[in-house]
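My questions will all concern the structure given below.
A, B, C, D and E label the chains in the order they appear, each numbered from 1.
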Amino acid sequence: MSFTPNIVGFACQWCTYAGADLAGNLRAKYPPSVKLIKVPCSGRVKPEYVLEAFARGADGVLVGGCHFGDCHYKDGNYKTKNRTDMLSQLLEDMGFDPRRFRQEWISGAEGQKFAQVITEFTEELQELGPNPLGGQE
Amino acid sequence: MEQIGLYLGCNIPLKHPDIEQSFRKILPELGVEPLDLEGASCCPAWGTAPSFDLQTWCAISSRNITIAEQKGVDIMTGCNSCFGILSEAKHFLEDKEMKKKVNESLSAINRTYQGTSDIYHIAQYLHSKVGVDAIKSKIKYSLDGLKMATQTGCHTLWPSDVYKIAEQNPYEPTILKDLCMATGAEVPHYSRLAACCGMGGMRSTDIEKSLKLFKEKLISIKEETDPDMIVTTCSSCFMQFDMSQLILRERGEIDFEPIPTFYYTQVLALAMGFDPSQVAAISQIDRSKIIAEMQSEQRLVKEVA
Amino acid sequence: MADKVKVGFLLLGGCAGCEMAVVDLSEKLVDVLQHIEVVFWAPTAADVKYTDLESMEDGFIDVAFIDGMVRLDEHIHMANVMRKKAKTVIAFGVCAALGGTAGMGSLHDKNDLFEKAFKNTPTTDNPDGVFPQPQCLVDGKYDLTLPAYEDKVRTLNQIIDVDYYIGGCPPHHDHVAAAVTALLTGNMPPKGSWITNGKAVCDVCERNPAGKENGQGRAMVNQILRTIEGEPDKEICLLQQGYLCFGPITQGDCGGLCLKVNIPCRGCGGPIPGNHDYGAQALSTIGSIIKNEEITHQLMEKYPNLAKFFYRYALPSGTLPRRM
Amino acid sequence: MAKIGVYVCHCGSNIGGVIDVSDVREYAEGLPDVALARQDLFMCSDSGQELIKQDIRDGKVDRVVVAACTPRTHEPIFRGACEKGGLNKFLFEMANIRDQASWVHGQDPEGATAKAKKVVSSAVGKARNLEPLEEKYVDVTDAAMVIGGGIGGITAALELARMGHKTYLVEKDPSIGGRMAQLDKTFPTNDCSACILTPMMVEAYSHPNIETLCYSEVEDVEGYIGNFKVKIRQKQSYVNWDKCTGCGACAEKCPGKAPDEFNEGLSMRRAAFIMFPQAVPKKAVIDMNACINCAGRTIGSEPKVNAKTGNPILAPCEKACPAEAINRSLMLDPNGTIKEIEVGSIITATGYKVMGKENFKEMAPDSPNVITALQLERLISATGPTGGKLLRPSDHEKPHTLTFVSCMGSRDKNFHTYCSRFCCMYMIKQARLLKEKYPDLVINMHFIDIRTAGKDYDEYYTGARDMGINFFKGKVGGLDMLAGDKLRVNAYDMENGETIEYESDLVILASAVEMSDGTTELAQKMGLQFCGSKFFRELHPKLGPVETAVSGLFLAGCCQGPKDIPDTVSQAKGAAAVAAVPLAQGKVKIDPTISEVVTEKCSGCGICEPLCPYGAITMKKVDGKPRAMIAISSCKGCGVCTSACPSSAIQLHGYMEEQILEQIAALTA
Amino acid sequence: MQIDQKKIDEAVSTIIGYGGTHILDCVGCGACSAVCPGVKAGFDVLCRKLIRKIVTGHLEEIIEETSSWGCQACNRCTEVCPQGVRPQEVVFAFRRYQANELAFSTSSITSQMNLFETGHAVFTDPKANRKKVGLPEEPPTSAYNEQAQKEIQTLMNNSSMGELGLF
C-alpha cells in the first residue's frame, strides 16, 4: 500500500452517516482513510467546504447523501446533486483532478456499500497519489 | 448493405460447410453483407482454454474480436458455443483488470482489444436486425403446413445477463419459433423445449449419459408434436440430432424413424429457393424426401408483380 | 482639518478604469481636493521612475489606492514599495481585490498566452514569432529590460498586507465618493474589511421578485439562457428568466447599474462580506435555485468552463486556485 | 476561552481492543482549548456520566466532547449528563470512534488510532465553536391518523380510540379489512380469518372516537409532530354513500366487468360492486374504468326519454338502487373531494402486496395452473370464486397433485434478499387445510429450509408431516408446461443429492412480500425513508421498531417489514402506545438545531424562499425592504437554505459555518 | 466427515483464484442442481454438490472426479441461482484446478494440440466437403493462415497453459 489517503467525508445524518454506523455494526472492513463530518443533510454541504478541504491538502472528499426519493427533507439531495455535478466540472475546469471528489448516495441500510465505496475510493486515491496541494501553506 | 463480421468457428466451416454456404446465400438476399474475419480461430471451445485458464480464454477470444474491431464491424456467429464463449469473454473483459492483463498478452501479437464490437448470434441478428417481415418477403417456397420442432440450444439463452440480445423468457424461447413461422411452418410447443440435447462436453465425456438426456428430449418432441423436421440454430445441437437419432434407432431404443434435422438457415435457404446440394448437402439422416417436399412446385409462392 | 491627507494612486496590471472612476467624481472631486493632496499617481497620471516612490520616506503617504492585479514582477516590487510608504493601503477595484477578469489567465500556461497574444490571433502579423523578452540588446548597445511575466495572476493581498477592499470593475463613482468620505471622516470599518454597504445587488434592484406585492415571490430557475439568446423582459428578474444574474451573490454598491440596461450582473462588485470564496458561493446559490438536474446540465453545456463562469472576476482569490 | 473536556471511552474492548485509548486521550489533552482529557471503560455507564457531571460542577469544563460510539444512539444520553451537570446540553459534541473506527478498522490498529485522533480533534474543533441553544415547546392537536385499514391499522386505531383520542382511519379501498379479509384461515390455530376479523372491523367503524375514511388516500402531509395538517382525497365512488344500504342490487344489474381484486383476479366483478360480502362499511362503488355507461348515461348527462312512456331511460344501476343512491345525472368530480384534517401523530400501516408470478420466468408463468399463494387462499375460501372448492383454474377440475414452491423472489438477489418471513407458515397452513379436506391429495412442498420460529409454529409444521404431506429441502429450479395443463416440476432433493422430476396439476408459488403500491409516493409526502429492502425504515432496528426518523410518525405491520398477524397486532398496539404519547402530553419540544436568519445580514434576494421543502421561509418587509424569516415550528434544520444564502445571513444552529470549517481544518491538519 | 478449517480455506481460495469468485455466497438451496442437465444425466458432483465438497474442504479428494467435464457450461444454474453464485464459474474453476494439476482425461489433450497447431479445437480436413457445396476449399479461418497460427501460438506459449507442456 503506497499511502493512506486522507479523505474528508461529509455525511448526511440520516443516510450515509447511518450507513457508516451500520458498516460498524456489520464489522465491515475498510481502510481508515475517511473521517466523517456529520451534517443534517447533504444539502448543508457548501461547495466551498469541499474546496477548502482540498486547499488544505485533503487527498479526497466525499459527499454522502440519501438516495433520490429517500431524502429526509424531501429534496435536499437533489439540490446537492445540482451543486456537486457543477462542482466536479468546476474542479476539472480549474485543473484539479475531479476524481478526488466523489458524490455517493448511501442509505442507512447500506453498510456494506459504505465500506465498499470507501475501499474503492481509497484505492483510486492511492493510484492518483497525494493531493498535489498537500503540505502547502 | 449492412456489414457484419461472419465468425465461423470450427464445426461449421470444417464439418458442415453447407451451413456456412446457407449463410452466404441468404444474407446478401436479406440485405446483409457478411465480411470474412480472416485468420479467426476457435472461440476457444469450452474444453480448451476456458478449462485451463480464464485469462488465456479471454486472450484468445479477444484476439478473434479484434479482427472484427479492425474492420469496424460487429460479430455474427452461427455456433452457439462460439456465441456463448465470445459473449462471456466480453463480459469478463468489462473488468478493467482483466482487460489490462489481456491487452498485455495481446501486445505480443500487436493487437489491442477495445470492446467496440458486439456479438450476435445469427438467429438474433435475423430476428432483430433483418426482421421477420423481411424474411417473409423473400420466401419462394412456402413451408405452410409443415410442422417443425425447434431447438434453440443453451448458449444463446443463459446466462441472459451477458448477452447483447436476450429472449424475453429464456425458458420459453420464441426467436427461433418466430423465424420458423416466417417460412409458413407450424411450430408447436413441447414440454422439453428448453432442455439440453446432451452434446458438447457431456457427449465426449460419457456418451451414454449424453444419449440418455438426448433420448428424453427426442421423445418429448416426437410424442408431443410428431414434427416433419427438427430445426435448430445451434450447430452442436444439429450434430447431436443428426448423429444420435441413428444410434438410438440402431440400438432399438426408439421405435420411430429419425426425424430430419436442419440448421435454421438451411431451411430458410431452401425456402428461398437455393440449391439443396449447396445449402443442405451434408447429413447422416437422409433428408432428400423432406427437401423435395419443401421445394415442391405447389409450394411456390406466386410472385407479386 | 489641519493637514491635507496625502493620497497615492498606483496602477498594477489593470486598465486604469478604476482611476477613471476617481476622475468621474467630477465636481465631488473638487470638494474632496480641499482635503487631500495627491502625492503619487502613476503610471496613469504622471510619468515617474521607481526611485520616485522608493525615495519617499516610509509612511509618507496616508492612503494608497492600488488598482489592478498582480501579473508582473514589477507589480510585486511596486506593491511592496507602496506598502512601506503608505500608512493605509486600499485594494481599489476588483482586480486588486480579487484578481479581476485577467485572473482567468491563471487557468492557462503563460507560454500559451504569449503564443495567443503575440502570434496566433488573426490580427497579429508576427511571422518571425518574436515574443517580448525580459532582456534585450537594442542596436547592440542598449541593454533594455522588461518586467518578467509571473506564472499566474495574484491578488494584492497575496503580495502585501491590505487594509481595505473596494469592489467593482470599475467601482461606481458614488461608491468611491462614499468611501473617500468615510476615509476622511475616519468612519471606517475594521481593518481587513470591504468598504461596502454589505448588501447584494438584489437589495437595490427593482426587479427583485422577493417580497413583491404581487405575491409571486422568487421561483426556481427552469431554463438557462445566455445573453445572446432572445431579449430579456425588462421588468422581470433576469435570473428568474434564465439569464444567470449574479446579483444575489454580489455587493450592490454599484446600484445595480447593469440590470438597469438589461444586462445580468456578472459579479464585479465582489462577494458579500462573510463569503470567503466568490465562485464557490455563486455555484452554491445558482446550483440551489436551479429547478432540476436537467437544467443544471443545460447550464453546464451552455457555459463550458465553469471556472471562468463562476470566477469571472475572482479566480485568483478562490479557495483552491490561490493554492494552485 | 473555552474549557473543553474530552472523555475517551473504551467501550469495554469494543474500542479499547483496537484503538490505543490512552494515546488518544493524551493527544486530546494537547489540543488547543482542551482543559482536561479523561478515559473510562464505559462512558455511558453511571460512573462515566458522573465524571462529566462532576467536571462541569467543579467548573473545570464548559464544553464536553465524548469520543465513543455513534451520536445517533448516545448523543441524547450524554447531552442529558451535561444538562444534569448544569451545562447547556448543546455544548456537547461526540466523536464516533467505535462504529466508524474500531469496529471497521480492526485490521489496522495504528491506522484506527490515528483516525480516532483526527476525529477527536474534529469534534474538539466543533466544540470550541458551539453555542448554547434553547428548546421551545408547541401545543399538540389531540387527534391521530392511521393510514391503512388492515388488521394493523384497525388494531392501532382501536387502541388509540380506547385511550380517548380522536382517530382518523384512512383506507384506500372501499372497505377496511385489508389482506386478512382475503384469507381463509389463520395459522397456527386455523381460526377462520373472517370470524375473528369482522367483529374488529365493525367495532372500529362504529367506535365514537374513530372516523373511518374509506376509499380515501393521503394527498399531502404538512407540519410536524403535534401539528400535522393532512389533506385526504376521498375518491369518487359515484354512489351516494349516505344513502347506500349495501344491498348489492346495483352490482346484480351491472353488465360492466373487471377482474376482481379481492379474488386476486381469479374471477370477475361488476363495474358497480361491493368489495366483498363482509365489507365494512358495506357500500357500493362504481369503477368508471369498467363502466360501460349503459343507456348512454355518462356521468353528468341528462337521461334520454322513452318516446312511448315519456319516462327517462336510466342506467341499470340507478334503476336497480332502491335507496336512490346512484344518480348519474349529477356531475360528480372524478377527482373526488379533499378533506383536511389536523392530527398530532400519524401511524402508517399500509401493509403489503405479493409479487406476481410473471416475475418468475422459469416458473411457466403462462400456465393458468401456476398461482400465487394468495390466489390459493381465495381458491379455498368459502367467499372465493369457487365457493371454497379446490378447482384448478384451467379447467375447473379437482387437482390431484399439488406443489408448493417457497422463496419465490425472497432470499433472491435478483429480487429481494430478505426472507418474507410468513410464507413457510402459510404454505404449511394451506397444505394442512387441503389435506384435511381432501386426504387423497398428493401435496409436495419444496423449501430452501423451513422457517417456523414462533409460538406453536414448529409443532404446526411437524404435525403437517404426520398428516402425510411431503416435504423436500431444495429449491425448485423450474416448471415445464405439459399437455393437459399439467406442469412438470424440476426440483432437487438436498438430502438425497438427487434431482426430482414429476408432474403436478397445480403449482403454488409463495411469492415475496413487497410494499403496497403507492407507498413510495406516500413516503415522499411524509418525508419517510426506505431501507435497502424497500420497506419503511424504523428509527432503530432494535430500540425504535415502531418510530421513524420523522418524529410523530409511527409504523405498524408489514409496511415496516414482512410479519404475520400476531406480530402485526403486537406492533400496532405498540405504535398506538407511542403515538399517544404526544397526544397525552399535550405539548412537544421543538429541536433548536434549526435555521435562523440574521436579519441585518439579509439582502432580501429571496433565493432561500423557494428552496425550503416545508415552506418555512417567508419574505417580510423590514424598513421597507424584503427580509427572510424562518418559522421555527416548520423548519426541520436541513440547512439547504444556509448553503444557498449568498449573504451568509442564514445560520443553521448546531451546524454553523465556523463549526464545519474548524472540523475541516482539524481533519486536514 | 472431518472439518479441517485449513483445508476449507485452501479449497475456497483455490477455487476463487481459478475464477469461482462467488462460491461463498452459496446458501445451498439446490436450484442449480435442479436445472442442471449434467446432474440430470448422472454427473452428480456438479453445482450444489461440488460447491458443498469445496466449502467443506474436500477439494483434493475429488480431484479425479469426472463430473466437472460433463458440465455443458449451459449456465442454467447461473440463471436460476438466487444468490449470484454463478455455479458454472465454480465448476469451471474446479476444472481449471484439475487441469493445472494434470488431473483430466488424456483424450482432451488432442483438442489443446489442435488449437495450438491450427487454431481449431476440432480439426478435420474440410476440403472435399467444401468443394462439394461450392465453397473455396480453404476456409478464411486460422486453419490455413500461418500468421494467425503464429499469433495463437504466441498467446498460448505466453500463457499459464503453456507451462503445462501439453503442446
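Heads up, the rule we're going with is that a contact is a pair of C-beta atoms (placed from the backbone, for glycine too) under 8 Å apart; a residue touches a chain by one contact, two chains touch by 3 or more.
Remember, it's a predicted structure, so these values are computed and weren't measured experimentally.
Considering the contact criterion stated above, the chains in touch with chain A and with chain E alike are D.
Listed by label, the chains touching chain A and chain D alike are C.
Every chain gets a centre from its CA atoms, and the centre nearest the mean of all protein CA atoms is that of A.
Inter-chain contacts peak for the pair B-E. For this pair, chain B with chain C, the centres built from the Cα atoms lie 72 Å apart. Annotation: 50 Å between the Cα-based centres of chain B and chain D. Averaged C-alpha coordinates give centres for chain A and chain C that are 34 Å from one another. The residues of chain C that reach two or more other chains are 281, 284, 288, listed in rising order.
Multi-chain contact residues of chain A (touching two or more other chains) are listed as 43, 46, 52, 79, 83.
Within chain E, contacts with two or more other chains are made by residues 40, 76, 79. Shown are all chain pairs that touch, namely A-C, A-D, B-D, B-E, C-D, D-E. Listing the residues of chain D that touch chain C in their complex gives 601, 603-607, 609-611, 619-621, 625-627, 640, 643-648. Listing the residues of chain B that touch chain D in their complex gives 169-172, 189, 191-195, 224.
Across the complex, chain C meets chain D through its residues 198-200, 202-203, 208-212, 217-220, 247-249, 252, 271-275, 281-282, 284-285, 288-289. If you check the complex, the residues on chain D that touch chain E are 362, 407, 411-414, 448, 473-478, 490-494, 497-501. Within the complex, the chain E residues that touch chain B are 18-19, 37-38, 40-43, 66, 69-76, 78-79, 86, 88, 92, 95-96, 99-100, 104-105, 107-108, 111-112, 115, 119-124, 126, 129-130, 132-135, 139-143, 145, 147-148, 150-152, 154-156, 158-161, 164.
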